[in-house]
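The same subunit A turns up in both complexes below, where it pairs with subunit B and then with subunit C.
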Partner chain A sequence: MSLLRAWITLVWLSFRRLLWSGSTLMVLLPIAACTLFILRWRFRLEGGSFESFNAFSLFLMFAFASFVVPICAVAYGTASIGGDREDRTLLFLLVRPVPRPLVFFAKFFATLPLALGLVMGAFWLYCQLAGEIGALAYSLYLPAIFYMTIAYVSLFHFFAVSFRHSTIIALIYALFIEIVLGNLPGIVKRVAINYYGRSMMYAAGVPEGLERPDAQWFEPISATTSAAALAGITLVALLVALVVFQRREYTDLT
Partner chain B sequence: MGINNAHYYGWQGKLHSPWISTLSIVRVALLQVFRRKSYWVVIGLGVFQFLSFWIVIYAITQARLPANAQRDLYEVFGFSPSPEPGEENGYIAFMQQQSVVVMILLAFSGSLLVGSDFRMKSLPFYLSRRIDRRHYIVGKLLAVSAIVSLLTTVPALLLFLEYGMFTPSVGYWRENWGIAVSVLAYGAVLCAVLSILIVTLSAYLQRVAPIAITWSSLFVLLIRLASYLQDATDNNYWYLLDPWRDMRLVGKLCFGVFLEQEEHDIAAWAAVILAGVCAVCLVLLVRRVRAVDIVE
Partner chain C sequence: MFLTFDHVTKFYGPVIGVNNVSCRIGPGITGLFGANGAGKSTLMKLASGQLRPSQGTVAVGDRRAWSTEAKRHFGYSPDINSFYEEMTGREFIYVMARLYGLAKADARARTEEVLREVGMIDRAGRRLAGCSHGMRQRVKLGQALINDPPILLLDEPLSGIDPGGRREISRLLLEQGEKGKTILISSHILVETENLADSVLIIARGRIVASGTLVEIRALLEDRPLTVEIVSDDARQLAALLVAEPDVRGIELRPDSLLIRTRNPGRFFSRFNDVVASNQVSVVKLQTLDGGADAVFNYLQQGPR
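Presenting the complex of A and B:
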């Protein structure tokens, strides 16, 4: 019982620390920028035509899913354990009689509602602002955004427990490697989370008017396979992170 | 024990100007950045790009092809060593391609070079010496500028030198001296704007994550939004949201080279925007750099 209380306390403490952090304030900037953008841009979305649905879908794919989602995941995913490593307070956490897997899951479950809440909230807001097309896009793309968010959060937790400068590595991955891989021909892009998210979005959006991508550069796989791949990435990243966190001696904390 | 008995005595030599200390700040900052292994991953990306251009120039000049064939080959690689009047030169294109590397490196260096001084409360140690906030700010701006130059201006000038060296005479350098000036002008704009922005952001945000999020929002997201808005409204002024384009336009303004009339029209606005943003940032930076935190 005391272990459970300790775990809940840790979840709550981590949640509050992450919520009232500079990252929260800063991550609101791109979300606000996108909101202002849609307010200015939504005249293009009026009428509910295939063309306007295509334009809004491309915005969601290349600005929201490719930038805002990973940024929200970086802000909380790496900061949960990475912040403690940076401040060297992880040591005080690890000397408490709470098993390491529980510490890891406490951090993960403190992060997930924040990242998911912010991403889903922003997604809902943009779809509301986009009107009729937005309502359609919300129902179609919600699973893709959800799976992408949890996959990014898990992967960035893995980075946080494995690397000292995890924020740097996570941002290089999200903003550089994924973009480079996304623009390469062939199947090399299948190592990127973004590929599976985009595949899910194409699978849902093409029947409603989203333009099919050029097969030479992007050949989407089915929605079911993409969802399974993202769920797999989430689970594998979490398991590997758990094993690393369980076994690793953090010599940089002292 | 009196201080005289302890044999303490004042400095007898001639004191140098405290402005010399800014060079020490630059030296220490560069050492801090270059001793981090993780930063070398990012620097390596920039070096890789530079080496790619270097090899392309070497291979094409040594192939002894006709001038037209050489020009076509350079175009394949997106490089133009001797552009026609009004055409973009390849060295500036190279500097623009380095922008992603510069952006990532600065996002992480900001916290290390400036943010940690505030977070670890080491700023008073700087300001307890003969240097004051002017010297500190100039030192940090120069440090960031040095990093930017090492990734953009210096390699671009090296490529310019390389191309000239593989030609039979010094004619290439003599005929295209303007390219070197345009590289320097663009480099100066990059250094000034990027250093002021990152030092101010780092002084306020201090940690890596918020700095990197804000920095990437400025330099990645705004480019995409600007492009969407321009596409939707057909109004080129939306391009002014893109800071890289603003810097490029101001660089061109310094040298008077424009590709299109539309670019010329918005270049002055780009200069006004950058000047305004830099002025506001400098005011905020001066207010932030204090020896003692007034309210804890």
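Presenting the complex of A and C:
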């Protein structure tokens, strides 16, 4: 009972500190920029037509899923443990009688609602602003966005427990590995979470009129395989992060 | 409850942090002295379960210090000056109390109790970001006391506190020591810790080079002469009497005093009393110049000559 109370305290503490942190500002900026972009763009939309749906889907894929989602995940995923680590306040948690795996999961479960809330909220907002095609896109792409967000958050938790300056490393990963490697021809792109997310989006969108990508550049895999890959990345990242966090001696805290 | 280091060695890659340290720290206040890089912080981190020993064991009671269960039995005040800056001192200590699983009401009551103990009750509503170094030290001490642990590990607890505050904190620590708690204080403020600690551990180059009371340690350093200043109305006569003493290794005659360098302070003082009494020489003042913690510490840092 007392352990549960301690754990809930830690979840609430982490949630509250993340919510009122610079991370929230950091993610609100790209979300607001995309909102303005859609508002401006909507004047050119012809609701429900093939081209508009295609264009909106590409916007969701390349601006939202490839940029906003990883940025949100970096902001909260690395800040939850990485922020405490950089501020050296993690020490106050590690000397309490809360098992390290529970500390890790408290951080993860404090992060997840924030990251998911912001990403899903922004996704819903964009789809609402886009009108009819937005409603269609929302129903089609929701699972892909959901899986991607969780995978990114898990991966960035792994970065946070493993590297001292995890935010910088995660940003480099999100902006370089994900965007550059995720768009290279061949199978190199399979190292990117983005690839699986986009595969899921293509699998859902193509039957509704989304233009199939040039196979030479991007050969999507099936939605089921992509979802399984994202779920696998999530589980492996969490498991490895948990083991690292459990065993790691954080010598940089004092 | 005892804090036990049993043949503990800690490596940082190829660098050795502490080297085959064995000691048992029991109830009362123990001072841990050491220069920067001597291994003092490593020892504190091992004791507070932040580090695992590469060899040997560190135990809090009968539990390994790294284990979660051991963390119920000690309070740790770190040397760092980092907090959740947006919180007030009261909020911070309350949250730490909650992390021990205390119910809200109990955590609130305990927080107020601890704030009173560390002298922060009237300033606890201030945000930590705006608190002075001394206030932050008190909050750190408060969070270490929050679970009323049998073992307290305090890294530089008096640093940055004003003289009045030091007296208060020292009194608080003495009270905690009298309650039978095991308190390990790592400090550079040797003189103050000297007055506070029942015993000391001196660490140099990763090894415990001395342990015990300062008097015991000083007595062990037989090859290190102790300098004694004696102010006497008849310094010249006293010098003539003392020069024949086997434990006197040198005498420096000054206009109104003598500086005696002695090899064995215990035996010298015993003989000194006899010499003074039998020859009826008046002694105005007698003081040891290098018998304090600083001098002992410096001797041990230098190693045998």
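Note that in this section the second predicted complex is superposed on the first by the 253 of 254 C-alpha atoms of A that agree within 3 Å, B and C clash if a C-alpha of one lies under 4 Å from a C-alpha of the other, contacts with A are read in each partner's own complex, and residues count from 1 in each chain.
In this text, a contact is a pair of C-beta atoms (placed from the backbone, for glycine too) under 8 Å apart; a residue touches a chain by one contact, two chains touch by 3 or more.
Here the structure is a predicted model, which means the values were calculated and not measured.
K.L.:
Return first, second, both or neither, reflecting whether A:Pro143 touches subunit B, subunit C, both chains, or no partner chain.
P.N.:
After superposing on A, A:Pro143 lies clear of both subunit B and subunit C.
K.L.:
Based on the superposed arrangement, let me know which partner A:Leu171 touches: subunit B (first), subunit C (second), both, or neither?
P.N.:
first
K.L.:
Looking at the overlay, does A:Thr251 come into contact with subunit B only (first), subunit C only (second), both, or neither?
P.N.:
The answer is second: A:Thr251 touches subunit C but not subunit B.
K.L.:
Touch check for A:Arg5: first (subunit B), second (subunit C), both, or neither?
P.N.:
second
K.L.:
Scan A:Arg88 for contacts with subunit B and subunit C and give back first, second, both or neither.
P.N.:
It touches subunit C, and subunit B stays clear.
K.L.:
Quick one: subunit B or subunit C, who's touching more of subunit A?
P.N.:
Higher number of touched subunit A residues: B.
K.L.:
Would you check which partner chain A:Val98 touches, where first means subunit B only, second means subunit C only, and both and neither mean what they say?
P.N.:
After superposition on chain A, A:Val98 lies in contact with subunit C alone.
K.L.:
If we count contacts the way the header does, which residues on subunit A are in touch with subunit C in the complex?
P.N.:
Per the stated touch rule, the residues are 1-6, 9-10, 13, 17, 20, 87-89, 91-100, 249-251, 253-254.
K.L.:
Inside the complex, what are the residues of subunit C that reach subunit A?
P.N.:
Per the touch definition, subunit C meets subunit A at residues 12, 41, 44-45, 48-52, 68-69, 71-72, 74, 76, 78-80, 82-84, 86, 95-96, 98-103, 143, 155.
K.L.:
Under the touch definition given earlier, write down the residues of subunit B that touch subunit A in their complex.
P.N.:
Against subunit A, subunit B makes touches at 36, 38-39, 41-42, 45, 100, 104, 107-108, 205-210, 212-214, 216-217, 220-222, 224-225, 228-229, 232.
K.L.:
Per the contact definition, I'd like the list of subunit A residues that touch subunit B in the complex.
P.N.:
Counting only subunit A, the residues touching subunit B are 21-23, 25-27, 29-30, 33-34, 37, 40-41, 43-44, 55, 59, 62-63, 67-68, 71, 74-75, 78-79, 82-83, 86, 163-165, 167-169, 171-172, 175-176.
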